[in-house]
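The same chain A turns up in both complexes below, where it pairs with chain B and then with chain C.
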Partner chain A sequence: MIDDPQPPAAEPDRPRSARERLSELAAQAALATEGVVGLYPSPVDVARPGATGVLCAERADGRYELRVQLAVKPVALRELGDRVRTAVAAAAAGDGLGDRLGPVDVYIRDIVPPGEVPA
Partner chain B sequence: MILLARGLARLTTFLLLVALALAGAIAGFGSIGSGNGGVSLPGFARLLHLDRLEASTGELLGALESDGPIAILSALGGLGAIALGVFLLVGLLWPRRERLVVLRRDEAGLIAARRRPLGQVAEALAEQVGDVAAHRGRVRPARRGKPGGRLRVRATARESTDATRAAVERELEPLSDDLGLRTKVTLTGAQGVD
Partner chain C sequence: MATETTPDTPKKPSNPSSSELTTSDKGRLQSDRGNTVIADSVVAKVAGIAAREVPGVYDMGGAPARAIGNVSQRVGITDQRTQGVSVEVGERQAATDLTIVVEYGEAIPRVTDEVRENVTQRIEGLCGLEVIEVNISVTDLHFPGDEEATPDESRVD
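Moving on, here comes the complex of A and B:
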């Protein structure tokens, strides 16, 4: 099951935590990366429409560790992983959260053949 | 060891479920009739010679209660049964972790991929060579979370020649180079000649 690449649902009334913002930024940045077909939700992705497929955990040093789970096209996977990490870091820095971002793990959960629609 | 425990736990679970189903079926059939004969629980007990079994096990249980070598053996058997139970529990309860192929691990994080889609990509690449049908592409990650691993592809070709094998290996190079995998291609001729 793969999420469609769609923009996250905005909730303007509620101030969002750094964790939520980082998760959403990571989801957007990953989806915008060429070669990424979609985000792959994990079992804990309940009621998080904006960041499905992204796990975010706070570390002891106050930074947040991200895990981005992806369905991708059959491309050079290591380069793709690097591009996703770079895009996430750039998005976090652009939103003023660069110093809160810790390691970004990229998990490739599925590889979708060309012309095939993700299940 | 964990794999062995997991397999044994699965086999034991299956056998116990079969035994439970059989016992349930026998009890169900036995409950159909009443009285002591024919299709009834006492009838089944007589059919299975449970009275003789009770006599023989009674003697054995009596011997177990007394001191002597049989009591030591029974104690050892009990300890073995406890150890087997713990082993089965470990097999049942030990958390399963999916082994991922690590592509890169550094201070910026981890890049990893699942084995199954990588194997499917390997099969698709192998079939780019004419007359080759890939049966199975399997990726085994390196131990202890190190990057890389091994890629094994089994395929059939009309003629199993070194040239065909080399062609398959060439097709797999983009994947194996990208992921740091050592490749092994097992090619079988369509006539069953390797």
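Moving on, here comes the complex of A and C:
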């Protein structure tokens, strides 16, 4: 008799942590910012499964520190960093996580001129 | 053949606080909301692209770097745009060393002046860093036809 294979049980919806939500919000907000080409995980990060280019770590004060690593267009990079930070803060506030958001470090890791395909 | 051109510090406002003020107004690298970090490779890429924009610049890098670069670029190890570019990046300032090949017939001083000007403008405009040095080494001249492959013709019928 052959056992009737059971479909794998669906993973129960587990509540997503603030860290996960902040990471996702930051990625979405950064990608929606004018001048950003894409997220850019560092060579170390890509060894981690699911690495996206956003690192989020809880600090002693309970807030989360974010590092967003980006490939960008040739635009003024400091202003772009500020725009990304503002967008992330707005997204976190919109999701009720504004008080959990700590500093957002923006790492410009690659610049992609017009006509060049991002790595 | 290498020609070192005199490092030329771009003219800056005599009052250093004015440039700092402008920089901080544009968007500080450090703030209580977080830092913006620009990778050295990004500054090098900006410098490389800016140098290549100048008419008269045929290629960048010394002969060994170009030879190795041709191979490594094909396998995707290096970026052609940073070939011949070395940068030193601080918190507010940057210094660059460039190695270029100039087209034969172009006035080298004119080309290097324009490279220096364009690199300075691009780094300051995009990265918000004060460029304190652009040192340029002209390591070779390119003659028209140099790049054409020698036809593989038999010497005998």
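Quick notes on this one:
Basically, the second predicted complex is superposed on the first by the 97 of 119 C-alpha atoms of A that agree within 3 Å, B and C clash if a C-alpha of one lies under 4 Å from a C-alpha of the other, contacts with A are read in each partner's own complex, and residues count from 1 in each chain.
Following the convention adopted for this analysis, a residue touches a chain if its C-beta (ideal position, glycine included) is under 8 Å from a C-beta of that chain, and two chains touch if they have at least 3 such contacts.
Computed from a predicted model, the values in this text were never measured in an experiment.
If you put the two complexes together on chain A, you find that chain B and chain C bump into each other.
In the superposition on chain A, A:A76 contacts both chain B and chain C. By the document's definition of touching, neither partner reaches A:R21: not chain B, not chain C.
Shared interface residues of chain A (contacting chain B in one complex, chain C in the other): 66, 74, 76-79, 81-82, 85, 89, 103-111, 113. By the touch criterion given at the top, residues 23, 26-29, 31-39, 41-42, 45-46, 49, 81, 125-128 of chain C touch chain A in their complex.
The part of chain A that touches chain C in the complex is made up of residues 66, 74-82, 85, 89, 103-111, 113.
Those residues of chain B that touch chain A in the complex are listed here as 100, 103-104, 107-114, 117-118, 120-121, 124, 174, 178-179. Contact residues on chain A toward chain B in their complex (touch as defined above): 65-66, 74, 76-79, 81-82, 85, 89, 103-111, 113.
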